[in-house]
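The chains carry the letters A, B, C and D, assigned in the order they are written, with residues numbered from 1 in each.
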Amino acid sequence: MKTRVAVIGATGYTGGELLRFLVIHPKVEIRAITSREPSKLIYDVHPALRGFSNIKFENISPKEVSERVEFVFVATPHGVSMEVVPDLISNGVRVVDLSADYRLDDVSIFERTYGIKHKNPTYKAVYGLPELHRDEIRKAKLVANPGCFPTGAILAAAPAVEAGIVEHVIFDSKTGSSGAGRTPSEFTHHPELDENVKAYKVATHRHAPEMEQELNKLGKVKVSFTPHLVPVIRGILTTSHLLLSKEISSQDLQKMYFDYYRDEPFVRVLNFKELPSLSSVKGSNFCDIGCFEIDTTGRAIVISAIDNLVKGASGQAIQNMNIMLGFDETLGLMLPGLRP
Amino acid sequence: MKTRVAVIGATGYTGGELLRFLVIHPKVEIRAITSREPSKLIYDVHPALRGFSNIKFENISPKEVSERVEFVFVATPHGVSMEVVPDLISNGVRVVDLSADYRLDDVSIFERTYGIKHKNPTYKAVYGLPELHRDEIRKAKLVANPGCFPTGAILAAAPAVEAGIVEHVIFDSKTGSSGAGRTPSEFTHHPELDENVKAYKVATHRHAPEMEQELNKLGKVKVSFTPHLVPVIRGILTTSHLLLSKEISSQDLQKMYFDYYRDEPFVRVLNFKELPSLSSVKGSNFCDIGCFEIDTTGRAIVISAIDNLVKGASGQAIQNMNIMLGFDETLGLMLPGLRP
Amino acid sequence: MKTRVAVIGATGYTGGELLRFLVIHPKVEIRAITSREPSKLIYDVHPALRGFSNIKFENISPKEVSERVEFVFVATPHGVSMEVVPDLISNGVRVVDLSADYRLDDVSIFERTYGIKHKNPTYKAVYGLPELHRDEIRKAKLVANPGCFPTGAILAAAPAVEAGIVEHVIFDSKTGSSGAGRTPSEFTHHPELDENVKAYKVATHRHAPEMEQELNKLGKVKVSFTPHLVPVIRGILTTSHLLLSKEISSQDLQKMYFDYYRDEPFVRVLNFKELPSLSSVKGSNFCDIGCFEIDTTGRAIVISAIDNLVKGASGQAIQNMNIMLGFDETLGLMLPGLRP
Amino acid sequence: MKTRVAVIGATGYTGGELLRFLVIHPKVEIRAITSREPSKLIYDVHPALRGFSNIKFENISPKEVSERVEFVFVATPHGVSMEVVPDLISNGVRVVDLSADYRLDDVSIFERTYGIKHKNPTYKAVYGLPELHRDEIRKAKLVANPGCFPTGAILAAAPAVEAGIVEHVIFDSKTGSSGAGRTPSEFTHHPELDENVKAYKVATHRHAPEMEQELNKLGKVKVSFTPHLVPVIRGILTTSHLLLSKEISSQDLQKMYFDYYRDEPFVRVLNFKELPSLSSVKGSNFCDIGCFEIDTTGRAIVISAIDNLVKGASGQAIQNMNIMLGFDETLGLMLPGLRP
């Protein structure tokens, strides 16, 4: 029998991407998709899904949702999730929340970073990066799905930080426009973004505390982060400039990463000198990691590539669901990227 | 002494493009730029102009504008121009209006097409396509600058229509996103437009009556028009499918166009079989016309390429100003396109 | 037991796309992939497939291929397929050929169109457009997979042509760069194509005879075709300008199409006034058809959207294989497009 | 009387861009453009220049060139310039060389970096970055025009390095495809680059020694450099991660830069917190510099934006020519960028 699932806040890009995987998942059945503007068909909002489902959007409460399903994805903006999740959990539903509301262990850091008071400050959630927290995810009631930038950045630095060879890591990330969401703005207006590259929130992006939290669980390291918007729809390429505190050869660095991720289904460590690119992961749940060169100043370069909407959001959420429900972790997710 | 000019409604893309040409024009001086949100510097709104002018936006009336200048460009939306232009004209200022308000000779067609009542229905304006109406433009008080699509379409069909060899012309146009203006919308949201091509207003675009009006002055012809949005910022490529009523060879068709535009400074007729492309006109005031092939069904193909913001809007407005003020028609406009 | 399959000429984009579907197909097993430069791993050439297969390219003869497998996809250039296919067929292997070599019923038209002598002029092949020829495909030994442009164009015009209401159809197509293949050239050099739109082979494209052949099986109609290259990777949007010989309402035209394709798994007829776009079919095997507006000149506009590498090539080839092997026609192909 | 100039190697993108500025320059006259494939018209190779000049390409020797002109731009590949320049200089012609052949003061570093023996190892050339070497440029016979990446990187770091507050600078650059030149390759094949971001030569790019040479003239600093290719045609955005050795406030850092470049016509220092973007400099000779934020780790971020073909190549070459010939430094170059 299939597990009944719902998506709360299913009109945005991460919502649509969750549905793209859920409509073909062999062990789940979508029983509710919610929106404040209900009554549209799923494919009126997500036209690529025409022919896969005729479910309609509904404007129903978390309580109503929890009467229908065993599992819920919450894809609402930060600040909204914290109003929705407690009711779901208390009704015995298991949840993956894609917002930022439950990602930070220290609620005071959350409140400082997002500038809002947490309405549910005693939450217990697991940070849903399977490569670091698989065992806790398995048993969790509430999984906080990582931010898109932290997913690519943490995976690119974790092995070296855990090995204690990095003093300072500078993440210089290049992201596509879908990360800004479905609401039009000057920032992602086509004539303003096409043929352009723009840095933004260069020293103050809200995803930096996630990177610090997770990397400092592995070892002591200074973390700097600067994101850039580039004219592609999907993907984050993170160039990690690792200022090394100990000498290591490029070959050994590659081997360190290769061994670290040996059994991971969705992390692909490239051969020495091979470089990741967005094309190879577009539409897929993979994180490709490569480069491993070291220059004469003692800076190692490790580069990761993900699709921000998949491994950086909805695909990772499905991966977390698979783990939580005891399915094969790759179920419904083992699809190659769309290259070219 | 320089002619004093103003731009009313100077915050949008056509306004910015007017200023791009005006700041380097040797015979004019910008004395006012208006906006409903005043007090910003010109380069706060148009950052590419930093270093060229320190003029500030002002929220002043047409009357105040006309006390300062001899010549005004009106770059407000349709429906607004008709509220601004009469005051300017009655104060003795000469005007190029870039909106649609004065383009249609028959006010009832304007009202049906734009769905609004004209507030100034007894207007006298010249349709500002220099290649067809140079002499009237020279003497005009009010020039209605043509729409972007009509500019490329009319120039692509005029010689053949005037020669009486075309029964029906189908314009299939491909335009860049800047034509939709500076206000963000789902239509031009980067993730929705990048990697996409979309037809729109396939049989009902408001620019079609302009094409009919001008082409039927030259000869009897049925006109069909379908525009498409493609993921480029600037440019309109119009593929004119001319259903011929008389036989002609490709070579003769090319020669017909070459002769027709022989003395035009901004129309470049390509050699037989050469094809226009957006790159060659990007940023410039040229209209390139080429192709001239004829298939076995008696369909001739003539293709035109313009930059929608230049020959399709602000460059043509400057060209009209040059003609009206008795300057060399190419003054400040004779710049090559930005290729690649 | 799984059917053993091979791909001959698997290094190009259509080869890679075949492999993208084959590595996840539940009823087939890839037993050979060939190339003139052998010994590379599948993911050295198609990096998105890393983690799916470790098969190596081999430089083996058609005879050797036919000893290993029951079914072969031939993805070699035109002129090469005709040297490979006869050996495969005579060894009892069933074949889908993705080149142009077997698409035209009349070998003299092939020879005139492609400028080469056919080495296998007495071939018997079925034109592999399932929507028109499903029953013959089922029994065929050799299926000639349609060209990318003909797929979208024929599907956009077939219902109206079969109904006898069209006198002349002008297909104005906009295609992405992947259609030009994997070999770099000035035509698809990024600085030359980005921010550009280019018509090409405006009256003489080699795909026109396919359109004529298939549409004239359904009814008498004049066919014109002009393709354009636009700066997207995947997709063909075909705007069909149908010059009607009989009056019909837009609503009835939509209903005609809806009924015609009612049972087709991969043709999605949109509601009246909905417009297809490339985004909704990107990466998928769907052909979306919509618009159905009619202007005052008696021109109906019907627009189709496909992914040129999927429904326009490799996806359709898998669909043909499914039909030929008696599998569910949608097996391994029922994946939503990647939107945004 | 106009100065007679020539361009040797005028078929590539930097050659075309030189010609774009030269055809409108009021004080020079183009007397020769050379190519190994002569006899084409200038606009057969650079179609945007149709209507500006009818000069033909010629295959003539440096000696012949020097008989016709007083000033030469050499836009040949590295390794070729060193064969051309000596003859020009010895014939009394002044030269701006756009290749790498004369940029490095230490010929042994050149030979190690480019892997070729210098044929003219006793050369005397001035590094043509006017902001650092204006006085030497004025008197120089041979100016070595800087590389595109070094131009943006050096200008972004020079004030802080000269002030002695930087220990290590990491340049993370994002460049458009035109920097790779006009010859098609897999690297810049549209389906491979569009929707993609790729790092390359991550620790070994040939432009790094130029950055080291020039910055170490100003102060002691470690230099790291990693370039990325992004899907735009023109522009380099360089994010300079400056690891500070002394504390400074963001405001003071901005003021330091503002003062340093106060009198420079082509460097625009933005206000504190304003961020440069490629759009504002596209097609223009400006270098915009901004950001100046400092994070908690003591990393300052300074970002520069240039058009790689203009300030990064041909525009800067014209600027150098203006200086060398005693013209106003901005003559023919003071054109706003093409935004949007």
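Note that contacts are C-beta pairs under 8 Å (C-beta built on N, C-alpha and C of every residue); 3 or more make two chains touch, one makes a residue touch a chain.
The shown structure was predicted, so the numbers you read here are calculated from the model rather than taken from an experiment.
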Longest centre-to-centre distance from subunit A, chain (CA-based): B
Pair exhibiting more inter-chain C-beta contacts, A-B or A-C: A-C
Between subunit C and subunit A, distance of the C-alpha-averaged centres to the nearest whole Å: 35
Subunit A and subunit D, separation of their C-alpha mean positions in angstrom: 39
Distance from subunit B to subunit A - Cα centre to Cα centre, in angstrom: 46
For subunit B, residues contacting two or more additional chains: 13, 176, 178, 191, 194-195, 231-234, 277, 279, 282, 340
Residues of subunit C touching subunit D in the complex: 13, 176-178, 182, 184-186, 188-191, 193-195, 231-233
Sites on subunit C touched by subunit A in the complex: 13, 16, 20, 23-24, 46-52, 178, 194-195, 233-234, 265, 268, 277, 279-284, 286, 288, 334-340
For the subunit C and subunit B complex, residues of the former touching the latter: 168, 170, 172, 174, 176, 191-192, 194-200, 202-204, 222-224, 226, 228, 230-235, 237, 239, 241, 243, 275, 277-279, 282, 291, 293-295, 297, 299, 301, 303, 340
